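Order of writing sets the chain letters: A, B, C and D. Residues in each chain are counted from 1.
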Amino acid sequence: MSAEYTPAAENDRIRVALLGASGKMGRRAVEAVTAAEDMELVAELTSTDPLERVLEAGATHVVDLTVPDASPDNVAFAVEHGLHTVVGTSGWVQQRRERLQAQLAQHPQVGVLIAPNFSVGSVLASAFAAKASRFFESVEVVELHHPAKLDAPSGTAVRTAEMIAASRAEAGVAPSPDATERDPDGARGAEVDGVRVHAVRLRGLEAHQEVLMGGPGEQLTVRHDAFDRGAYMPGVLLGLRRVAAHPGLTYGLDGYLDLD
Amino acid sequence: MSAEYTPAAENDRIRVALLGASGKMGRRAVEAVTAAEDMELVAELTSTDPLERVLEAGATHVVDLTVPDASPDNVAFAVEHGLHTVVGTSGWVQQRRERLQAQLAQHPQVGVLIAPNFSVGSVLASAFAAKASRFFESVEVVELHHPAKLDAPSGTAVRTAEMIAASRAEAGVAPSPDATERDPDGARGAEVDGVRVHAVRLRGLEAHQEVLMGGPGEQLTVRHDAFDRGAYMPGVLLGLRRVAAHPGLTYGLDGYLDLD
Amino acid sequence: MSAEYTPAAENDRIRVALLGASGKMGRRAVEAVTAAEDMELVAELTSTDPLERVLEAGATHVVDLTVPDASPDNVAFAVEHGLHTVVGTSGWVQQRRERLQAQLAQHPQVGVLIAPNFSVGSVLASAFAAKASRFFESVEVVELHHPAKLDAPSGTAVRTAEMIAASRAEAGVAPSPDATERDPDGARGAEVDGVRVHAVRLRGLEAHQEVLMGGPGEQLTVRHDAFDRGAYMPGVLLGLRRVAAHPGLTYGLDGYLDLD
Amino acid sequence: MSAEYTPAAENDRIRVALLGASGKMGRRAVEAVTAAEDMELVAELTSTDPLERVLEAGATHVVDLTVPDASPDNVAFAVEHGLHTVVGTSGWVQQRRERLQAQLAQHPQVGVLIAPNFSVGSVLASAFAAKASRFFESVEVVELHHPAKLDAPSGTAVRTAEMIAASRAEAGVAPSPDATERDPDGARGAEVDGVRVHAVRLRGLEAHQEVLMGGPGEQLTVRHDAFDRGAYMPGVLLGLRRVAAHPGLTYGLDGYLDLD
């Protein structure tokens, strides 16, 4: 708990200011924070509102769901005023994160969470897959998405494959066995760091991923389904509840999930 | 029931002669026929045994699980002697089937079943997928096999995709929607008659296939798992039980499954 | 095509009047019909609108998504005026259907479809399961729904189990083998006509069902997922497109799906 | 590495004596150890062989796959002679384990692993489920086995449910929501420490388990399939490779899997 944040009573609710309240994610977050019994939504800002409204409303926490151009200034403002901040905006490349860390060094009790993926289930699934894959001869990734998606494979699938490859390399596991001699049309899919990744596109789906691991006589499967944007809200709330206890910058929801 | 096959009593058991009894499939078939209460295994022949043993043993039905070079002569012999025959040997290309049909025209009450795939579940799965896929915007096929398999995708997956494509063409269904613009490593898999097919190879698996169909707000999945060669035996027994009631040549187990 | 329905040209669009347009299903149907290129939504009625508006708008087809108390009068009115009708309202017990059939006898060219389930995928899944289950020793049903559901198992699961049981009885298949001796807490689930049915309740789900069929060395699985109410719209549209070609009363979408 | 075990060279192979070599698991273990490049199978004992053969053969490690009556004496003998031991025999209740720990206190460099479940995948699956389930509103367990199983639910499912319940209790998570009012036939399955457990029995299956976790808009599924006894061998080999580095008694394979 930050010294800059001194609630009158232990049981006081988290006072949340939401930046980007009119976006798709923002509107969902408005609903989620409003419904959370341990939180109070004290300010909803859109791009035309002055940041001072956050202070006037007495917020203790900020959620930034804006755009890459606005996010760094928003977060700098929040940190400057001792407010714990949860960031779901993209574009936080390393250089930006380093600048933020320099600022946070001046505010040692403020916590900031920047999460490229707010789905608790998705983050857990990737972590489990990375951890388990070193115990199996074979591992492949299948991601399934709605047919309007422009990229294949998905960014999450690429990151998952990279995590799996790193875990297996660390443990000295050989590549997955594969005797394929003829595959004229590329049915075996993409290879990401030596891990096969398959991309399915299907009307009716949203965002789904399955990691299949196999050894002699057994299979372990870790599957995550995100049916709609609501999937990201538990991660936002979890971030708000834990950010004060994690001063400094945390990148990735993993750090809050007690995975190690 | 063939006139050439006149059992003493309605309840008599099917008297089976098994050709190719020492092969992998053959040994399984020996077990399966022996265990079937309505059948009697009266002869087990290997490649060195004379075909006359089939007649000496009083067989009424023959199962041919031999090799492509031997199978046509075996079947011709069986038909010549009025024995209903179930064939699991590969290599029965169209020309061979036509020659057999010519012979069967002389023996109008003899039934022969040649099945490229004896798994009842697999045949049902492909048929259902073909039938249903015309009602969904999207359809893709995922096949999963042991990592010693040489070809990708599997022959069954190719045939399933062809059946699906034909069904959708007949119904005038548009291709599955796909907005993919970037897929540098081929994660979207192979395309067979316009249907995406993905091939997974995983230690621990045998032969598995999943057809995914999707429309707005819904998904229909038909999955078949063959865990071991035992999966083909119910199809062999079903063939033996029904072949006498299907005089002439039947190609594919589908014809015995009341699918239409 | 009904003689009472004489379009000016072959390519004329289906002119749809929607009763119950303000309900949950109704609003979805408004969107779906509006988006269908071969249809025109000519009237949207709520409970306070007079039925004559259907005629004034020149509708050729009616969709009834109202309430059990209103539906019989709505359908009688539509039939009286020669309009083909698709009904998604519940409460059409046998007595009501018989009265409607009597009326339809006077209007031999009018088609009415009453469907207890408008999900094409769900109807196909149940039909496939019934057809396939007679070829497998074992069959069980697992239904999964959102946790606000009041009944277990679901009505669809009960009907599916009944269809499976009837199919197996017709084929003389023995009950699924089960050596269970100790099950103190009822983990084996419910028994519906001798078929085990399991009900899972999980936040995040909508309506899902899996039929598992197993034989020696193989498994066949038919799964349907309804992620949201959109799942029912393709069935409503399919009904509208085919109802004129099916004069008289059809009960259940199955009759339109060319399943036999 | 135990001081009592002084290999001539770092790269020496693990010298394994196998007790219970003629049982079902034992025969599999003979194959697995023989195939492992870093191991040498120096002795195979059945119930009539004197334990001294283990010493004569120069074993450094013992695998006990015998029967509950013989296992404690076997393990005591191995520990007495400074041999690291991996135990797959059942019946090691707490009292027996305490007696063994007392003996191990006298041999501080000897390692013993007793594992109720040698499937690495199954152990990982249960651990992941326990860890993840506290982040989801809902959790249920479905276990699927061959139809000759006498108990429902399976012991693994009971232990998994207990682990899940303990994890959720620790995190203060509310029970899974469930509005069921009518379930006359018990479709909702068993309740183990407040966690619903469903048991499916299906011909063709061996031992499978699925933990379903759900939150708003998302689902996380962890599934393990054991297709045959081969599934337990990687766990036995992993135990042999790591037991010398874990002096004292380890109960459960979890302790070797770097899960925390």
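Simple rule for what comes next: a residue touches a chain if its C-beta (ideal position, glycine included) is under 8 Å from a C-beta of that chain, and two chains touch if they have at least 3 such contacts.
Since this is a predicted model, take the numbers as computed values, not measurements.
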(message) Please report the smallest number of touch steps linking subunit A to subunit D.
(response) 1
(request) Could you tell me which chain lies farthest from subunit C when each chain's centre is the average position of its Cα atoms? (result) D
(request) Look at the interfaces B-C and C-D and say which one is made up of more C-beta pairs in contact. (result) C-D
(request) Could you put a whole-Å number on the gap between the CA centroids of subunit A and subunit C? (result) 40
(message) Rounded to a whole Å, what is the gap between the Cα centroids of subunit C and subunit D?
(response) 47
(message) I'd like to verify one number: the distance from the centre of subunit B to the centre of subunit C, where each centre is the average of its C-alpha atoms, in whole angstrom.
(response) 34
(request) Please list all residues of subunit C that touch 2 or more other chains. (result) 136, 204, 213, 215-219, 225, 227, 231
(request) Please categorise the chain-chain contact pattern as a line, ring, star, complete graph or other. (result) complete
(request) Would you mind writing out the residues of subunit B in touch with subunit A in their complex? (result) 136-138, 140, 142-144, 147-153, 157, 176-192, 196-205, 212-219
(message) Which stretch or stretches of subunit D touch subunit A in the complex?
(response) 119-122, 124-125, 128, 131-132, 135-136, 213, 215-234, 238, 257-260
(request) Would you mind writing out the residues of subunit A in touch with subunit C in their complex? (result) 204, 206, 225, 227, 231
